[in-house]
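The next part holds the structures, each set out as C-alpha cells.
Two complexes, one shared chain (chain A), two partners (chain B, chain C).
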Partner chain A sequence: MTVLGYVANGLVFSSIIVLGSIGLSLVYSIADFANFAHGDTMTVGAYAALVTFGAVGGLGGAVLGLPYGFFLALLVGIAAGAVVAVATERLIYEPLTTDSIGLLITSIGVAFVYRAVIQIGFGADFTRFEIGALRPIEWLIPYGIRVTRHDVAIVASAVVLVSGLHVLLQYTDLGRKMRAMADNPTLARVSGIRTRRIRYWTWVIGAGLAAAGGVFLGLFNQLSPRMGFNLLLVIFAAVILGGIGSVYGAMLGGFLIGMINQLTPLLSRLGEVLPLVPDGFGIPIGIEYANAIAFVIMVAVLLARPTGIAGEEAV
Partner chain B sequence: MSRDTTSATDRRTYLRVAGATGLAAFAGCVSTTDDEEDAGGADDGGEESDAGGESGDEGDAASDDADESASAGPYQIGMVDSLTGSLSAFGERNQRGVELALGRVNEQGIDGRDLELIVEDSESENQGGIAAAQKLVNQDEVPFLIGAVGSGVSLAIYESVIQGTDVVQLSQNSTGLNLTDFPGLLRMSPSGRTQSLALANLIAEDGYDEVAITYVNNDYGQSLTDAFVDAWDGDVVYNTPHDQEQQSYSGIVSEMNDSGADAWLFIAYQAEFTTMVNEVYSSGYEAQFYGADSVSGDSVLANTPEGSMDGMKIVVPSAPVEEENYQTFAADFESEYGQEPTSWAAYAYDCVVNAALAIQAADEFTGAALTDTVRRVSAPEGETVTSFEAASDILAEGGGPDDVDYQGVSGPIDFDEAGDPVGFLQILEVQDHEYAGTGFIEG
Partner chain C sequence: MSLLGDPVAWVSELTRPETWVLTGSLAFVGALFGALAVGALGPTYFLFLVGLAGMYALLSFGLNAQWGFTGLINFSVAAFFGVGAYGAALMTADASPIAGGFSPLVGLAVGLLVALVLALLIGIPTLRLRADYLAIASLGLAEVVRLVVLNERWLTNGSAGLRGIPSFFVGWPVLSSFPETMPGLQITVVPGSPVVLETPFWEAALNVVVIAAFTLGTYAVLRRVHRSPWGRVLRTIRSDEDLARALGKHTYAFKMQSFVLGSLIMALAGVFYTHLNLYVGPGDLDPITTFYVWVAVILGGSGSNRGALFGGIVVVTIREGTRFLNDLAIPVDPAPLRLLLIGVLILVVMRYRPQGILPPQRELIWPAARRSTEPATPTETGVRARGTSGSTADADGESDGDTATGVIDDEVEDATGGERNG
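Then we have the complex of A and B:
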C-alpha cells in the first residue's frame, strides 16, 4: 500500500477518535472531572442507532452507500447518548458532593453500569449494522488508496459535526457562555450565566459527539459492549496530547493519535518513503506496537510541553 | 495569577490520578502483584483445601449414613467459563453442553446425591480467570475445577491457583500446545499441534509454497503458529501477531497483501477475524484463506459480507459425528436448543460427565481421590460404555474406576500422560457463505 493509502486510512480512524476526544475534553473543562464513562457513552449511542436502524430500515434512498434510515439512526443515537449523559448528571454526578477525584471514580462505576446494561440487553457477542459492506472506490485504487464510500461518509460527517461545534463555540451565545464558564466558573456565575444549564448543554454536546463517534465506530468496525471502553485509552491519550480541557487541542490530538496508529506500517520501510534516506532503511517495529508508539510520542510531547500541544501555560 | 496556579495544580492532580488509574486498570500492575501473592500462597491454599478435604471426608461419611434418608447436599464442583469477552461464543456453547450433561447426571444422581456446578466468568482474560478460580477454590472449596476456554487463561489458572494443591483442573476447550507441558492440567479438547500439522499439509497439498500468517498475540496463537512454522516446508513471507479488541486491523491486512503470498493463514479469534475479513473485503484484496478452529462461528458468517470468505478452509477439532452416542447427544441437543451442537458443547458435556463419574468412583470427595479416578474412569481399561447411566450403574454395583471406560460424545477421551485426549479433526470449507465439512483427519 502507498503512503497515500495509509494516510487515507489514518484520516478515517482519526475522525472517530476526534469525535470521542472532543466530548471528553469539553466535559473536563466545564464539569471539571475526567469522565471514564465517556467510552461507554459511545457504546450507548452505537447500540441506540443499531436498534433504530433495525426498526426503521433503509427508508428508500441512500447517500454514499448509506441508506437514509442510517442517518436517522445516527440522530437517534446522538440523542440517546445525550439523554443518558444528562440523566446520569442529574441523578448521580450532581447530587454527589465530592471533588473531581471522587467524580472520576464514580464515573468508572457508571461506565460499568452502562456496559452491563448493554450486555444484558444485547449479549456479549459482537454484531454489525445491517448494511452491506462495500468494495473500495475504483478510481482511487491506482493511487493506492483503498477506502469505501462508507469511509468517506465517516470523514465527511465528522467534519460537519466538528465544524458545527466550532461555529457554536465561537459565534453563538451558548458558546460564549461555555467558554466563559470553562475559564472561570465563579466569575461566570456572578455575571449572570446560569451555570447549571450550561453544564447540561455541555453534557448534551459532549455525549452527543461521543455517541456519533460510537455509531461510526460500529460502521467502521463492529458493535460490541466493550467497543467504547476499548477505545477509551486511546482517546485519553489524544486528549492529554492535545492539552486537556482544550477543545481544539482534543481535535488535534485525536487527529495525530489516529494518524500515528495507522501510519505505523511505514516505520519499517522509511527508506522507500522518505527522500534522502537510503532504500532498505527502516525502523524494525511491528505494527502490533502501533498503540505503544502513539503513547511514546505522547510522552515525548508532554516532556517538551507539559500542558499538551494546545494546553494553557501555567503561570 | 492565583487562579492560574490553582488550575495548574488541579490539572497535575488529575494527570497523576488518571495516569495511576489507567496504569492500574490497563497494565494490570495490581493484578500481577496478586498473582505473585497467590503463587506464594498456593501452598497454604493446598493445606487449607486438605483441611477442607478432611472435613469433606467426615461429610462423606455422614452422607453415607444419611444416604438412607437421601437428604445429603449436592456435590459441588466449579467451572470457569468465558461468559463474556472475546471468547463468549465458546462460553455460550459450553453452557448448553453443561446444562444437558447436568440434566443427565442429576436424573440418575451420584450415590443419591446431586451434582452442582458453580459457574464463574473469566471475561476471557487471564486476570478474570484467576479471580474466578480463586473464588471457586478458596471460597467454595471445590476439589474439581472445569476451566477454562482460552489456553492462556487455563494455564494462568493452573499456575497461580491449582499448581501445588490437589485440586483437579480439566480444561473444556483449550487447544494451546504448551498445556501439554503440564501433566497436571487435563483437557477435553485435543492439542493444537495436530491442527498445525493438518494445516501445513492442507496448504501444501493445495499447491502453495508461500504463506502469510497473522496470529492472536497470546499463548494459543503463538504456540499454534510456532508448530505450524516447524511443520511447514515452504516459505513464511509474513508472520505478525495482532492484539485482541483493537478497533482496526487494516495495517495487518495491507501488509499481508504487500507480502505477495497467495495463501493467508489466520490464527485469530472470531471478533478480530470478522474485522479483518471486512477490511480485506472493503480494501478489495484477494487471497485463499486458511484458518485455525477459533476463526469459525455463526457470528463470523452473520457479520461478514456474502462471498467474502468463499473457499476458505478451516481445521476444527471435531466430535466423532458418525458414532451412535454422538448422534443421541446431537438429537437431544437439537430438541432442547433448536440447533446442532458444536464440538465445543460436546467437550463441555464430557467434562461434566467425566467429573461426575470420577466423583462416583472415588472413595471420598477430595482433590487427591479425584486426581486418581478422573483419568481411570475414561481410560481404555474396563468395560466400554457410552453414557453416564451405563457407567454409573457399573460403579453402583461395586465396580472400581478401572471397570469402566467412558466413551465421550466428543471422542474416546483416554487422557495420555500429558493430560491430552485422543482427538479428531474435521476440515471445513466455506461454500456459499456456509461451513461445509469436506473430510476428517485423525489426531
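Then we have the complex of A and C:
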C-alpha cells in the first residue's frame, strides 16, 4: 500500500477517534472528571444501532452504499448513547458526594456495568452490521488507495457532526453557556446559567458523538462488547495530546492520533517514504504496537506539556 | 485488649461494621467447612481458593501501600503482577525461551528485580503528574507492557504462554518430596462421602504455606511502616501534598518509595501465582486484574490493611463463586456476570460507603498510646492538644462523615498524643 493509501485509512480511523475524543474532552471539562465509561458508551451506541438496523432493515434506497435504514439506526444509536449517559448522570454521578477521583473510580464501575449488560445480551463474540462489504472505489486504486464508499460515508458523517458541534458551540446560546461553564463553573452559576441543565446537555452531546463513533467503528471493523474499552485509552491519548477541555484540541488530537495509528506500518520503512533519508532506514516497530505508540505519546505529552497542543496554560 | 487475653472485651470494643464483617466471615468459613465435610467442595480446590485469596490479599496490600497510604492512583497493578509472574516463570520453567531450569528462589529474585526496574520506569515519569493523569498514564503504560509480553515471542513465548513450571519448593531438602511421601488420608465425616487427601492436596497445602508466609510477612511490614514516621508522611501527602511539601518533605521521593514498595508486593503476588497456577500467559496481564484489586481495596477501606485482606477474599469469592452458578441451573455466562457484580459493587460502595467497610481507625494508633488514653483522666498540663477540632468523630469508631477518598487519618493520630481528654 502506498503512503496515500495509509493516509486515506488514517483519515477514516481519525474520524472515529475524533468523534470519541470530543465527548470525552467535553465531559472532562464540564463534569470535571476522567470518564472511563466513555469507551463503553460508544459500544452502547453501536449495539443500539445494530438492534435497530436488524429491526427496520434497509428501508429501500441507499446513500454511499449504506441503506437508509442504517442512517436511522445511527440516529437511534446516538439517542441511545445520550439517554444512557443522562440516566447515568442522574442515577449514579449526581447523588455522589465525592471528588473527581471518586467520580473517576465510579465511572469504571459504570463502564463494567454497560459492558456486562451488553455481553449478557449479545454474547462476547464479534458481530457485524448486515450490510454487504463493498469493493474499494475503482478509480482510486491506481493511486494505491483502497477505501470503500462506506469509508467515505464515515468521514462525511463525522465532518457533518463536527461542523454541527462547531456551529452549536460558537453561535448558539447553549454553546456560549457551555463554554462559560467549562471556563469557570462557579462564575457561570452566579451569572444565572442553569449549570445542572448544561451538564445534562454536555452528556447528551458528548455521549451522542461517542455513540456515533461507536456505530462507525462497528461499520469500519466489527462489533464486540470490548470494542469501546479497547479504544478508550487511544481516545484518552487523543484528548491529552489535544489538551483537556479544549474541543478543538480534541479534534486535532484525535486526528493526529488516528493518523499515527494507521501510519505505523510506514515507520519500519521510513527510508522509502521520506526524501533525504537513506533507503533501508526504518524504525523497526510492527503494527501490533500501534496503540502502544499512542500511549507513549500520551505520557510524553503529559510530561512535556500537560496542557496539550491547544490547552490553555495552568488550568 | 488482646483477643486471647480478654475476648469479651475485645468483641465489645468492635465497631458495628467490624462486628458485621466478623459475623459474616465466621458464617462464610463455617459454610466452607460444611461444604468440605459433606464433600461438596474438594479439599484440594479449597486450598487452591485459599491460595488465590491470599494472592489477592497480597495484591491489595500492594495497592494499599500506594493508593491507601499515599493516594497514588496506580492502574498498572496487572503489569506488576504480570512481570512478577513472568520473571519467575521465565527463570524456572523447562519450556522457557531464555533461561529456564533455575531454582524458584532465583525466579523470586528476578521477578522482584524486574518489577523494581519497571516501577522505576513507570514511576519516574508519571509520579509528578496530577492524580487523574497518573491514572490514565499508568493504565496506558500497563497496556504497553501487556503488548510487549504478547508480541515478543523470543522473550515470552507470546500468546502461547509458559508451561512446565515447577512447584515453589523444588530442590529444597524435605519439602520438595513432601507431597509424595505423605500418606494418602481418608477422612469420613459424613458417612458415604469420604474426603480423600492425596498428593495434590499436600502440594496445595504447601502453596498455602508459601502464601501464608508471604501475606503475613507483608502484613507485618506494612502495619509497622504505616505507623512509622515514614507512614505518617505518606498519609500527609495523601491528605494534602502541598502541606507535606511545605513541611519540608521531598514528596516525590516519598511517593516513589511508596510506589516501589507497593509494586514489589504486587510482583511477589505474581511470583506466587506462577507456582500456584503452573502456567502463565499474556491473559494474566489483562487490565481486569487491576480493577479486581481496586475493588478489593475500595471495598475493604482505602488505607486499611485488614480491609485489603477482607476485600481480597470478597473478590475471590466473586471470581470463583460465579463459576458454580451454572451448576445451580442459572443459565448465565459467568464472565459478564462477574463483570456486572464487580461494576455494581464499585457503584454501591462509592455511593453508600465511600470510605470502605473497614476504614483505618484504631489500627493506626500505637498499642502503647491507646492504653495510655484509655483511663481518660484529665491531664492538667495546660497544654492544648494539637488540633482538638473535629477529632472526636473518628476516634470512637463510627465515622460516616468521611469524604470519599480522604479518610482523615490525622484525626486518629491526635488520639495518640495522650493530651486529649477522653
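The rule is simple: the second predicted complex is superposed on the first by the 307 of 315 C-alpha atoms of A that agree within 3 Å, B and C clash if a C-alpha of one lies under 4 Å from a C-alpha of the other, contacts with A are read in each partner's own complex, and residues count from 1 in each chain.
Methods note: a residue touches a chain if its C-beta (ideal position, glycine included) is under 8 Å from a C-beta of that chain, and two chains touch if they have at least 3 such contacts.
Keep in mind that this is a model prediction, so the values were computed, not measured.
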| said: Both complexes share chain A, so when I overlay them there, do chain B and chain C fit or clash? | reply: clash
| task | Could you say whether A:Ile101 touches chain B, chain C, both of them, or neither, answering first, second, both or neither? | result | both
| note | Larger residue footprint on chain A, choosing between chain B and chain C, goes to B
| task | Could you tell me if A:Gln222 is touching chain B, chain C, both of them or neither one (first, second, both, neither)? | result | first
| Touching A:Gly271, do we find chain B (first), chain C (second), both, or neither? | neither
| task | With the two complexes superposed on chain A, say which partner A:Pro136 touches: chain B (first), chain C (second), both, or neither. | result | first
| message | Looking at A:Phe126, would you say it contacts chain B, chain C, both, or neither? Reply first, second, both or neither. | response | first
| request: Identify the partner contact of A:Gly54: answer first if only chain B is touched, second if only chain C is, both if each is, neither if none is. | output: neither
| said: Contact-wise, after the overlay, does A:Val299 reach chain B, chain C, both or neither (first, second, both, neither)? | reply: second
| said: Which partner chains sit in contact with A:Ala34 here, chain B, chain C, both or neither? Use first/second/both/neither. | reply: both
| task | Identify the partner contact of A:Glu288: answer first if only chain B is touched, second if only chain C is, both if each is, neither if none is. | result | both
| After the overlay on chain A, which stretch of chain B ends up in the same space as chain C: 57-65, 183-191, 201-209 or 273-281? | 57-65
| request: Kindly list the residues of chain A that each of chain B and chain C touches, one partner per complex. | output: 33-34, 100-101, 104, 108, 119, 123-124, 225, 233, 236, 240, 286, 288, 291
| Quick one: in the complex, what on chain A touches chain C? | 33-34, 92, 95-102, 104-106, 108-113, 115-117, 119-120, 123-124, 225, 233, 236-237, 240, 286, 288-289, 291-292, 295-296, 298-299, 302-303, 306
| task | Spell out the residues on chain C that touch chain A in their complex, using ranges where they run on. | result | 73, 125-126, 128-133, 135-137, 139-141, 143-144, 147-148, 150-151, 291, 294, 298, 332-333, 335-337, 339-340, 342-347, 350-351, 354, 403-405
| query | For the complex, which residues does chain A have touching chain B? | reply | 1, 5-6, 9, 13, 16, 28, 32-34, 36, 100-101, 104, 108, 119, 123-128, 132-136, 141, 146-148, 150-151, 184, 217, 220-222, 224-227, 230-231, 233-234, 236, 240, 244-245, 261-262, 264-265, 286-288, 290-291, 307, 311-312, 314-315
| field | Touching residues on chain B, where the partner in the complex is chain A | value | 1, 3-5, 7-8, 10-11, 13-15, 17-18, 21-22, 26, 83-85, 88-89, 92, 217, 240-243, 245-248, 250-252, 254-255, 257-258, 270-271, 274-275, 278, 281-284, 299, 302-305, 308
